[in-house]
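Below, subunit A partners subunit B and then partners subunit C, in two separate complexes.
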Partner chain A sequence: MSVTNQTPATQSTLKEQIREFIQVQLAEPKGIASFTDDESLMETGVIDSLGIFRLVSFLEEDLKVRVSDEEINAETLKSVNAIEELVIRKKK
Partner chain B sequence: MDFSWSEEQAAFRKEVIRFAKQELNDDLTRRDEEEEFPREFWNKCAQFGIQGLPVPQEYGGGGADTLTTACALEALGYGCKDNGFLFSLNAHMWTSELPLMAFGTEEQKRRYLPKLASGEWIGLHCMTEPMSGSDAYSLKARAERKGNCYVINGSKTFITNTTHGDLFIVFANVDPSKGANGVTGFLVEKGAPGLVLGKKLHKMGLRTSPMSEVALVDCEVPAENVLGKEGSGQAIFTHSMEWERTCILASHLGMMQRLIETCVKYARERQQFGQPIGKYSAIANMVADMEVRLETGRLLLYKAAWLKSQGRHALKEAAMAKLFISEATVQTCLDAIQIHGGYGYMREYEMERDLRDSVSGKIYSGTSEIQRVIIAGFQGL
Partner chain C sequence: MAYILQQLLQKSAAQYPEKLAVWARGRSITYRELEQRSNQLAHLLRERGLRKGDRVGIYFPKCVESVIAMLGIVKAGGVYVPLDPQAPADRICYIIANCGIRILITREDKRRGLDHATLEALSLSLLIDAAAQSSNGSESLPWTILDEYPSDQAPKVVLTETDLAYILYTSGSTGRPKGVMLTHQNALTFIEWCAEIFKITSEDRLSNHAPLHFDLSVFDVYNTLEAGASLYMVTEDLALFPGKLNEFIESKGITIWYSVPSALTLLLLHSELNAEKLKQLRIILFAGEVFPMKYLQQLAELLPHLDLFNLYGPTETNVCTYYKVERERLASMDKLPIGIACENTEVFAVNDKNEVITRPGETGELYVRGPSVTYGYWADSEKTKRMVLPNTFQPNFEEKMYRTGDLVQLAEDGNYYFLGRRDSMIKSRGYRIELGEIESALLSHAAVKEAVAVAVPDDIVGNRIRAVVAFHDGEGLTAAELQQYCGARIPRYMIPEAIEFRPQLPKTSTGKVDRVQLAQEAAASTALVAS
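Now for the complex of A and B:
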């Protein structure tokens, strides 16, 4: 396996943290068993109006990043990948 | 952790109380009865700097932090008995100035914030519709892009500040297929073609705060008057609600303190069976419970305000503050009337107005039931 194809360990952990939160806290209570990392979570109903703020609360309290009001929208928080990108950008 | 006000905040609080007692209570019984909004009080508050408190100085405001603003509103609630007027002030600050500060373009901020901060203009937002209250994002108002404009059609109800309003933040859906993600905020100025004030609504309390229906009939709004981006209405509205739920009941804290002091004074003076009624545990316990409610409410509100002042989100904390203080205020009003007996039930004693005013706190800015949904939702339920 080529080294360049590997996802850095820290990013992999971060994505898993995000995925686990969304899976356990937001998707499963709605009876949604699975979703992909690119899936639009608002369009598929995984994240609703309250879920957005639960997610933001998770990002702020657990992942220690500040999310501005302008960033709380359907694009920035669209998918697991988009959320991961946001957190990485914020932590730089 | 520091639970005290700074010397400056304490001095400011005293000054606000003095101002409110002296300037904001005249002729209240008549104004309440006749549902009259006191524009002259609005102007006095503007001169004092109330409306501009949370607005940055570069836009003509006072640039006060959230806790200082909450401190001022609590002081107003203590010194000013006109809860309807204070409600209008809050609507102006939290659902008009704050969303503009957070989501407005630089040009929008420069155009509108100085007028709102100076009190020259009165702001409001239009969200609720006849068929969408708690389920706010199911609104039916539609906005259609036509060239450089949006054309809005829809009906709004229970809208505060309308008859004196200058800047309406109207929420409409630009793409219903996207559901809540199509909801968009628009800045609509008084006099815009198609912006029509409907019938005036007569309320149980907060009667000095104007409220009416609003109709949007082919209302044309320039595209540059979109607040934020297309589809960001949900974020704007939630932002407004978070701020409003954090701060709107600060004045209720002041009202509760005023009622407690009134009750204590009465309980010391009123003699029955040869001693002051405050010597009876039935009365003393009621006062003790009132005091506990007040202090608990303060802790909840100050915590939410502190989070906001740190630039953090506080949806759950704001919901807890709003839920607790609104319900505590109703109970405190009922207890105050009970302690005063027959006198408390008389309009002359002014507590029945506080009670009527306080009931709405359990309804506006999200009902108590919705606050519980939010709090439970944060627990994963």
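Now for the complex of A and C:
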């Protein structure tokens, strides 16, 4: 029971970290006020061609996950939720 | 010979009905389907009251329906207006009102973002994504309704090459975008020149990297149709990932690539460009901004088998000059020319004394005349008069010429070289940006007293934008709040990525804001951060 209680807590912290990075570093400088955890960050323009590289260095440097070239694609980095899933998978 | 754009499709559809015409997001349509679907759309538009010259908006992320929409609209005698699906709704609503769009081809989620007044003013929304029947404001119809209309031929509409085909909105210095009006002739003058010089055939596969509201896309779409070739659209799921994009060029067997240089730089720096894998690629064209020499040299070295061309021209003239990269000279060149005039286009440069320059080394502002030049800006005769002028350099008959605002130098080799702008327009990722439009957006906030946008040159994207702002006494906002405020007014690529606050802005001796000083400071502080 205590394990299942803990897992969501750690995940929400991770999600918050990802959200905050995207919000402050990528969305706000483009004047984008809000985005949902499910929304495609590419279609809405939150992530542009340079933003991709900043996002990848955030994942590698701040979250300490190694992202291969293969993993840098539109599915794995689609939304906040997708990025969270990628990080969780990589940390296992 | 074709004199209106839809004839390009008509000819290729007759010749290659089963050939793939357009591919996007994993879906494709043949020439037969494109011809039939656009006929159906044209019939629907006519039935819904569209008259010759009426504007129709295209507002959704690009897909095969984008090309059907463009062709269907011109077949109905209409004028299509591609709207940036990533632009703030406020800007889209402005454009819709500015050119009087009453019929909009869109997607339900995009439509929902428009304000009430805009929806009220629309007579019809055609939704590409569903059988969705929302009824908020204008009537909306699902795309599938096209099945009910005749597909074998387009409605009869009398058109000449001097009729408008499309309007492209670009940044305007007064704070609002301006609509460049382009005729069938403007586009075809360019397309016919391309067909000749690039020898495009039905075997070619063209990429479409640029968004459709950006004039580079005119090359991709209409050269494909002209030759009966195939068009492969690069959507955001590919464009943002150099590795994927590289794979796409290889797997689709792209033979002709056209984009802004920054897209090529990203491919060069972040993917493994390999001549063996990209052996089908025979031409790379680039335009929209200056290609940094070191990256062009690397690109040329990595891909020794293909031809590289630098194309130049503002939206108002399509492409007006070109330069074929001379590989043997490339290593010793420190700057790339914009080249010489395209066929059926004349360019000349005029100095401060209002004389046409003729000798190598002289500099002047570039002017363009010929059938590729726009009539001017939609519903803005003032701006049109300033930019599209009577040609006073020949006395025999009345005609117009376009002043580009670009300063150029004529070189020994006969080529023109781009030196800079006469005004405060800049380029970032190939987009034209008027710093004045950004400043207007900042100044429209009640708390802002003074605002200056500055461009900081950048190797990859051309320019990065920063702003310096002073508030009225007692007022204050964070950079994020101000960026968010701008986000509702101007496109993302125009929003300053950093905003600095000062009690007041430095002034020149004449009391004007000292832009030069601010630009130098911005460049210096960026260099500091980078190092």
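Just so it is clear, the second predicted complex is superposed on the first by the 85 of 92 C-alpha atoms of A that agree within 3 Å, B and C clash if a C-alpha of one lies under 4 Å from a C-alpha of the other, contacts with A are read in each partner's own complex, and residues count from 1 in each chain.
Going forward, a contact is a pair of C-beta atoms (placed from the backbone, for glycine too) under 8 Å apart; a residue touches a chain by one contact, two chains touch by 3 or more.
What you see is a predicted model, and the numbers here were worked out from it, not measured in a lab.
Three-chain overlay on subunit A, with subunit B and subunit C in a clash.
In the overlay built on the shared chain, the residue A:A33 is in contact with subunit C alone; subunit B does not reach it. In the superposition on chain A, contact of A:Q25 is made with subunit B only, not with subunit C. In the superposed pair of complexes, A:A74 makes contact with subunit B and with subunit C alike.
By the touch criterion defined above, A:I47 lies against subunit C but remains apart from subunit B after alignment on the C-alpha atoms of chain A.
With both structures placed on the common chain, the touch criterion links A:S57 to subunit B but leaves subunit C unconnected. Once the two complexes are overlaid on the shared chain, A:R66 sits against subunit B while remaining clear of subunit C. Among the listed stretches 43-51, 133-141, 259-267 or 313-321 of subunit B, only 133-141 clashes with subunit C once the two complexes are superposed.
The interface of subunit A with subunit B overlaps its interface with subunit C at residues 29, 42-43, 48-50, 52-53, 69-70, 72-74.
On the subunit C side of its complex with subunit A, the touching residues are 61, 85-86, 88, 236-241, 243-244, 262-263, 266, 270, 429, 460-461, 479-480, 483-488, 490, 492-493, 495-498. Of all residues in subunit B, only 102-103, 137, 178, 180-181, 228-229, 231-232, 234-235, 238-239, 311-313, 315-316, 373-374, 377-378, 380-381 touch subunit A in the complex they form.
Against subunit B, in their complex, subunit A makes its touches with residues 25, 29, 42-43, 48-50, 52-54, 56-57, 60, 66-67, 69-70, 72-74.
If you check the complex, the residues on subunit A that touch subunit C are 24, 28-33, 42-45, 47-53, 69-70, 72-74.
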